[in-house]
Structure formats: structure tokens, C-alpha cells
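The structure appears below as C-alpha cells.
By written order: A, B, C and D. Residues from 1 in each chain.
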Amino acid sequence: MGEVLVLVLRSRRFMIGAVLFLAVLCFGVIGPQLTDRNPFQMAGGLFNPPSEKNILGTDNLGRDVFTQLMYGTGTSLLIGFVAGVVATGIGVTIGAVAGFKGGFVDELLMGITNVLITIPAIVVLILLSIAIKSRSATVMGVIIGITSWPWTARAVRAQTSSLKTREHVDLARISGYTTIELIVKEILPYMFSYIFMAFILQFSAGITNEATLSMLGLGPYQTVSLGVMLHWALLWEAVRTGAWWAFLPPVLFLAVASFSLMLINAGLDEVFNPRLRKS
Amino acid sequence: MKSKFARYLLQKFIWYLVAFFLAVSLNFFLPRLIPGNPVKVLVSQMATGGVQSDALARIYDNYMREFGLDQPMHIQFLRYFANLFRGDLGTSFMLYPGKVSNLIREALPWTVALQIPTILIGWIIGNVLGAACAYKGGRFDAIAFTSALAVSNIPYYCLAIILLYALAVHNPVFPVGGGYSFGSYPELSLSFLLDALHHYTLPFVSMIVVAIGGQAIGMREMALYELTTDYVHYSKALGLSDKKVIRYVFRNAMLPQITGLAISFGTMMGGALVTETVFSYPGIGSLLFTAIRQTDYPLIQGCTLIITVAVLLANFLVDIAYGFIDPRIRAAQLGER
Amino acid sequence: MKNLLEAQNLKAYYRLVGGTQIKAVDGVTLELRPNEVLGIAGESGCGKSTLAAVVSLTHNPPLNVVDGQVTANGFDLLTLPKEEARREIKGKYISVVPQGAMNALNPTTRIQSFAIDMLREHHPEMTKQEAINLARARLQELSLPERVLTSYPHELSGGMRQRTVIVLSTLLNPRVLIADEPTSALDVSSQKAVIRLLMTLLDEQIISSIAFITHELPLLRQVADRIAIMYAGKLVEVGTMEEIIFQPQHPYTRALMGSMLVPERQVRERRVEGIPGVPPDLKDPPAGCRFHPRCAQRIDWCTQEEPPSKTVGDRTIWCWLMH
Amino acid sequence: MVLANALNNSKKQRQPLLQVENLTKVFGSGKHEVVAVEDVSFEIYPGEIISLLGESGSGKTTTARMILRLSQPTRGRILFNGRDIQTMKGIDYWRQVQAIFQDPFSSFNSFYSVHSFLSKAFRLKGNHVSKAQQRALMEESMEKVGLNAEELLFKRPHELSGGQRQRLMIARALLISPELLIADEPTSMIDASSRVGILNMLMELSRDLGMSIMFITHDIGLAYYTSDRLLIMNKGRIVERGPSVEVVENPTNEYTRRLLADVPTLSKKWAL
């Protein structure tokens, strides 16, 4: 494990990604604790450009953009995180059970998974969001999570069904291990790196999915997120009126948050799949 | 062999039919989870908009009939299906009594014209770039791969917003939005086409850059894998030139990428819809955006349905193409092995 | 007649991350003579496959040749420019049957399109039809079914795929064929068919000599004219098949022969013994004779200095007991 | 080999340890149906070493997996000491029937040390073995297979050679000391020089502990060297059976004859 850590820390992609992500994380989590401003409070005129009073100006209702950005980043990260946990959790569970059990259980679970893969997730997301009226950030994270697990499930299933033929699994079975023990102790450890990477990807996808939904007007209720900020900017024509401070910061933070997670993932991939590392 | 392939086709067809049925069911049931009577909610909204009360009553009756909310659920569902096959997607709330199918028919060509070329061209360029990364390695790979990672993971609309601001608002090189200039009318004339193309450029560029990045990453990984396979070593050992070997590698790495093409249709959709709204492009995305803002359920459902159908159709076609192209896949799918 | 292929004091090391080296082949001098099957045998990790890779110019980093010479057909192979080696040597003078030839064929093309590519690469003037005709004639000559040409690799059985690879490798009548464990994944009946094919290629003079790398000495008893035994990156004994199989002299060769399990009376009537211990770590091989830690007959010299070679007739031995 | 003869003579009077009756295994269904094992019957007597010999795809591994209860027979039954094994509790059965697998690399979970690999065996003993006793037993069994416990007990699998791993597998079996050991190609991935040592060790264990061993192998040399009796399997059926010497020296079945003719030996050279 130590060697792996050294390799990970040596990866430039991973380190840059980690530093960027930590910066965004601090901004969104610690930032709101340090300010006494409220993201919904009037703090100046409409679409005021950046000034000393409002570092990033104000939005269409005169609210402070910088404060919104801090709160919004926090909310977006929370939604992404919840979505990542939910999607990875469901995906790993379904994939591991299908791959391990095989036979009818496998065919049933994979049938469902494959159908869900072909139906575009955004459609289900839109329909679900419409159906669930008051969506808190956490609920949104869950909604996003339960629509994005199928790819993880499919990959975990493939790996499980190949790992389960390894002889140490048979050996554990004839040592009296139960099915759950076999999956948890003999199979999942081999997928740990993969599962972690899948989580990172789902985390990133969760952030961008939130933004997509929010921009369409299906964002979290009574909270500000990066997507919600962009929705307002879109609705009130911030771009066309040239109020760059109202849309560039959330765009930038959205991009940096998802890109940094991607870098982390690419760095881990180099370490765990050394085939990709060219000698 | 022939009949086996036919069976494969049939199998796939049935498979997609099931997916379609499921999607339609989701489309039907999910909005019905909303507590209360949506028609009542809607009509009360219209009331605050100042519509006459006897007109409201008529509208209310019409919707109750159309939705069949007085009927039991399974009858509603059957009726929904029956209407669907007649091409009747119901009546829009916000543009009453406009038919949803007509609204979609107007918007669809714009979306198709924007998305199909983006996906296909992005796919081709992305694959070439990805293969080049894998083969060349070194500095070229490091730079190209990292850039691809960067662009492919910012959502489409982020780039769209930046481009819109930079090239339409700040430096007005391109129009700020719409599918064509205000005042002109869709027709088959050169001036209109040029005008449409002018409006087309920014949305197209903002999407294709991201599409290229995504495909390049997938292709690079596949090609790197292929480069380490036994047949590459063997071919080289027998003195085949790099040019020939690369052709094998590229071809084989390309095959899984066809699935990548199918995936793009589904995953691109969300981002592409928002891109349309950023540019006020008169496609399905903008229509959906407005529909959601107006809580126009029939229209929302119409949009989500057409998106689903489009994605399923694209996936189906790709699946068939794949079965034709790769003998390994065909063999595996036919259970020959 | 001149030797077809010669390795002189060849050293090939794997360079690992961090700078350590695995001395996989460490000073091997060996020649392949015309019209012979040379068996190269030893246990896993002894360097036999590395040797095969280097002399067939199929080695890739992190494996590097650090010293020595390989000569063939008047060329110094290790200094020959890559492009020239590709045109003049590979597939044409030296050809290979790879280890695990099961996956050696491009899974998505028919066999004939590879045959065409291979032939036209070396004979650009040849038309596709001529190439196919040539390949078909060769299959007939070797009594293999013609349908192979229009098949995809996955449509052939393991044994047939292996024989197909051998036919493709020898389409250009190379003088030297280097076969690295060509039968290790096959059932015994397929193995025999592969051996029969190789012998036919020799009889028909399609190829002149084979270097046959394997860990199975009973198999070399069937096919080899001479056998070279490797241990821990070095040769320990080279001689004719009869000498090595029936009168092995090096303690390692003797122990190895003694541990062979064949279905014959003598195996059941005595207790067969293995060799205690394990082969050395080639990152840091032992001083002196590399076999000394496991050798029952070692003398003081063995632990200190490398044994020089001693040649009597066709047999060469690297062992202090012979001096 | 006196022992083998003695065994053969006394077989008639002794109860078989394991009886396999009309065992059949079918994979898939409909058109994709594959009969991997078809109507296989045989028995193993206490203290006996037999080999189930066949080429890849002959059904030998499937048979072994059914005996180990890693796979359900489609038809037929397996009796252990006269009892249908399906009616026994898994733990009770596996305490008496154990296995050594082919691949010394994939037999080890690379996340756990040698110590935790061996301690798994104690599950089958119930929970009455104290930690200190466990440790002592592990050391003892490692010593028996020629491994240094001091040095190896807390190593990870990737620090061990293939031969060491296979010896550990035997040490594990010793801890359980089953009445029947199924050895599925136990040496096929091990070099010749270590192979014989491991086989000799297994044969000694059988002799000293009265443990029956069934080798599952494609290696006729191995089967001939180790076994009292051979069962030759081809395409899911047992085509020939009998004492090793008889089968190898006077094969009666056409398939066995061809198989023996195709195996390279030292004394005869093939006519090609």
C-alpha cells in the first residue's frame, strides 16, 4: 500500500487535481462559515459591477455574487458528493450481487441495468425532479445518484464475475465463508481502486448533472448552487447585458471542480492501470 | 449464418422495444406522482393570469378529458399509449390550444441539425486525435491528453456561455442567439442559409470541442491497450511496417469506440439541451426550458419522450452497425465462440 | 557450412524503475547450425525466452541488450538499423512462433488478409491474388485445410490456430524459425500435430533450422538434434540430444532429467527427487557458479569463481567438476 | 508400491470413502446445452491415491468441483462415508474433504498475509482453538511442508515463490487434515525441479495420515508416478479405469492408447 501511495503522490496529474479540488472544497465549505452575509440578501443595486463592497458585484436582484458563489460551491459539492455515494453504492451492490450470483439473478439485474443505460438519464432526472416538488440539496443528490449508477454496476459486475473464478474465492468457500463474506472479503478488496475511481467520476458527474438540471430550472429549493446561479444569469439575460461577474465565476468554479476531479481520476488511473503509462 | 444474424436483429429489436415501453411508462407515471390534481393547479395558475372563468371551466373540462384523470390508472395508461401511436402528444398548457406534437415538429429539425453533425464530426476527429496520442506518446500525448481531459469535463454549456460572452457580447462577431435573424423567415434561400449558418457557428463550436475531447480520451485508452496485444508484437516480428500495424491497431481500437458513439447520444443530451437555451436556439432544449418554467406538463412529457425515442433509435442503429462490423462481436453475440 | 545465427557473449537485462537490473541473459554464446533443431531448455525465469526475443529482434524496453553480438546472414543484428532489419531479416531470414501464439493473430481480420499484408510487405510487386495463391499452395503442401484462409482466428481451434501461425511465419521461407513454447497451451494430440508440421517444414527445406524453446525435455527428446540447458541467465551444458538426455553431466542437467515425470516404468520404480531450493534472484545472482547454492556436489571453487567452459566433441559444459 | 497392491487386495472388504454415482453436469440450456460430465461413477477408498486424468474440456475439473460442493450436479449423487453430501452441513463436509488448486497465484488473496491465509482453516474447526494454539499449529504444519514459519508467517503472497505458495496450500490442508484431498493440477504451474518435491510430500502425507488423494490432472507422467489407480476421462465420460501400471502399459481403450502414443517419453522416439 505504501508503494502505491508514493506512486500516486508522484503523479503530477493527481497532485494538481488534488490541490485544485482542495482549494474549491475549502472555498465552498469553510467560506460560508466565515461570512455573515446571506446569499439571498439585497446587498446593493441590480447588476452592480464588482466593487469594494461586492467583490464580484451583484446579481439581478442586487444580491452579493461572491457570497452566492461560496454557498453555491458548497451546495454543488454536497450534491455531487451525495450523488457519488449513492450512485457508487447502488452500482457496486447491484454489480457485485449480479456478478457473483450469476444465473437468473444476474440476468434480471443486468437486464434492468441495460435498459436504464439506454434510456437517457437526463430524461429520468427531469421527470423525477418534476415529480418531487420540494427538492433539498440532499434529495437532489439522491435523485442524481439513483439515475447514474448503471455504468458502475455493469463494470463492477464484469469484474466480479471474473474475480469470482479466482481460486482464493473457492478456497474461502470451502473454508466455510458465507456469500456476503466472500464478496466483501475476497472480491471487493480487489476492486477497491476501481470503486474509488468510479466514485470520483460519479462525484464529478453529480456536480455537472446538478448544474444541468438547475439551469433547466429544476434545481434545489431555496438554496443557491452553481447551477442555480447560472439559471438566474440565463433567465435574467446576464450574458447579453454583459454582466460577466454574474456568470463567469460559477462557470469557472464548475469547470475547475469537475476538471480537478478528472485529473485526480486520471492520476489514479496511471498508477492502478500501469499499462497506460508509457515507458 | 444469415438466419442467425436475423435472429440477432430481432433480439435487439425486442430489447429496444422493452426499453421503449419502460421509458414511456416512466414518462407516464413519474409526473403522476405529483400530489394533487395537476389540472386544478394549472387552471388556478391561469386564473391568476386573468383568464375568464367560463373559459377556465372549458379548459378544465378539456384537460380532465384529455388526461382522463377521472378514469382509473390503467385506463389512463392505455389511453396514453393509444394517443401516442396516433402521434397525439396532447395539448400544451402554455400555448393552449396548441398541440404538443406541432411544437415539437417545429423544434426538432433544429436540434437534429445541431446535434448529429456535432456528434459525428466530433467522433471522427476525436478518434484520430486519440489514436495519435496513443501512438506518438511523449510530449504530444501529455499536452493533447490533458487538454482533452480539460475540455471534455467542463459541461458543454460552460464553454457555450464563455464563447457567447466573448464572441457575441464582448466582441460582437456572432449573433447573440436564435436560429436565424429576427425578421427573416425559414425558407430555402441562400441568404437564409448563410444567416442560419452564422447563428449555427457558436453552438456548434462549443459542443464539438467537448465532443472531440471525450472521444479522444476513449480512443487513446483503447489504442494504448491494442498496442500491447500479442498480434501487434507478432506482426512486427514478421517485419510488417509500422504503417500496417497502426492500421490494425486503429481499426480494432475503433470498434469499441462505436459503442462510444452510442453512449454520446445519451450523455450529450443534457448538456446539449442547455446549450440550446444558452443560445436561445429554437430546438427541443429551448422548448423544454420554457415548458419547465411554465410547468407545462404535456409539453415537458412530449420533449422527454422525443429525446428518449431519439436516443433509443440511435443506440439501436449503432448496435446493428456494430454487429455488422466486428466479427468477434457478432460471433460472441451469436454464441458461436 | 556457416552457422545461421550466432550469439556471442550476449547480455540482456531488464531495467526496472529505480535503476535495478534483472540479468535475464548474462553472457550467452550459442550458435544455430544449418539443418538442425536446437532445443533451448530450462525452468521459468532462466532466460530462455529473453534469449529468443533478442535473437529474433523482438525485444522491447525495458529489456535492453547491454553487451555482446548477434550475427546472422552476414549482418550484425544488434547494430543493424531498424528499418533494414525489418526489410532484410524479420520474417524473411529469421521468423518466430511466439509464446502463446493463441492471440498472435489479429482477431478482426481473416487469415488471408494477414497473409497478403505479410507477403506484400516484403514483395511489393506481388498482387493480392498472387499472395493468396501462394498461401493456398503452401497450405496444400502442408496438408492443412484451405478454408483456414477465409476464416477468422476465433473460428479455428487452438491447435489449428497454432499451426496457422506457423504457416504464416514461414511463408517467406525463412532460414531460421524461433519457436518459443509453441505447444505449451495445447493438448498432447495437438502438440504432436504441431511438431509434425515443424518437421515437415524442415524436410521440405522450407526452413533450414529451428530454435525450439521449451521447459519440456521429453519433447526435445523427440525433436531436437542438439540441446542447450540454461540456468539463471547462463548456459550450463550444451550437447547433442543423446548426450543431454541420456548422459547428462552437469549436476543441474542431471537433476533436471531426474525430475522428469514420464509414464514409463523407470519413473515408478525409483523415487524421483526434485532439486532443493529455488533459482536465484537475477537482480543479485550468487557469485561463482549460479547453481552452487542448490548443488549437492559443489566444491569450494564453485562459490568463488565462475566456471569456464570445457568442450569435448559436441558437448560443452560450464562446471568446475569437469576441470 | 507394495502399499498400492495391498490396498487393491483389501479394497473389496473396505467401505469406500467417497462414492460418485451417475454424476452428470449440464451447462446452459436448450440449444446451448453442453454436457460437461456424463454419467460418471467411481469410488475412492480410504488411504488411496487416484488420478482423474483427462485433457482440457474432458470434464475432470467440473467433476472435482462437484465433489467439492462448489458446483451442483445436474443428475446423480455423491456419497461420503455412505451419506449423500447434499444432506451434510457445508462446514462438516469441508472439514473432511479439502482441496489444493492449480494456480498458486490466484489461490492467494493478495490483501492478506500468510498468517491470515492459514488462520482461515480454523473456521472449520469451530472456535475452540485458542490463538496461541493456532499459532503453534500453523508453525508445525509449515515445518512439515519444509517452510520456515518464523520467516514467512507475516509475509504477503507476492513475496513468495510459486513453490512456496503451493507448499502453503498443503500446510493449510494439513491444518484441516481432511480424509480426502482433491488436488486439482497442483503442480502444473510449477517448475519441474520443485514439482517432484511437492508430489513426494503429498504422497508421504497420504501414507502417514491415511489421507486419500485424488489428483485432477492432464499430466500422465504425474498420474502414473503418484497414483494407485487411474480414471481416464474423455468428453465427459470415464473411458478407462484400473491400476496405474495396467492402464499405462496395457491400455484397452482407443482414446487411452492414442493419448499414451502422443505423450512424449524418453525411451521411444516418435515416428513422425
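Heads up, the rule we're going with is that contacts are C-beta pairs under 8 Å (C-beta built on N, C-alpha and C of every residue); 3 or more make two chains touch, one makes a residue touch a chain.
In this text, all values refer to a predicted model and were calculated from it rather than measured experimentally.
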*Looking at C-alpha means, what's the farthest chain from subunit A?*
C
*Please find which chain has its CA centre nearest to the centre of all protein CA atoms in view.*
A
*How big is the gap, in whole Å, between where the Cα atoms of subunit B centre and where those of subunit C centre?*
55
_Whole-Å gap separating subunit A and subunit C, where each centre is the average of the chain's CA atoms_ = 53
*Where subunit C and subunit D are represented by their mean Cα positions, the distance between them in whole Å*: 33
*So, what's the distance in Å between the C-alpha centres of subunit D and subunit A?*
49
*What does subunit D use to touch subunit C in their complex?*
1, 55-56, 161, 163-164, 191-200, 218-225, 244-245, 248-249, 258-260, 262-267, 269-270, 272
_Touch list for subunit D against partner subunit A, complex_ = 68-70, 90-91, 94, 98-99, 101-103, 106-109, 111, 120-121, 123-124
*Quick one: which bits of subunit B touch subunit A in the complex? Just the residue numbers, please.*
15-16, 18-19, 22-23, 26-27, 30-35, 137-138, 141, 146, 149-150, 153-155, 157-158, 161-162, 164-165, 169-170, 176-177, 221, 224-225, 228, 265-267, 269-271, 273-274, 277-278, 288-289, 292-293, 295, 297, 300-301, 304, 307-308, 311-312, 315
*How about subunit A: which of its residues touch subunit D in the complex?*
166-168, 170-177, 185-186, 189-190
*Can you name the residues of subunit C that touch subunit D in the complex?*
43-44, 187-189, 191-192, 195-196, 199, 215-219, 221-222, 245, 255-256, 259-265, 267-268, 271-276, 278-279
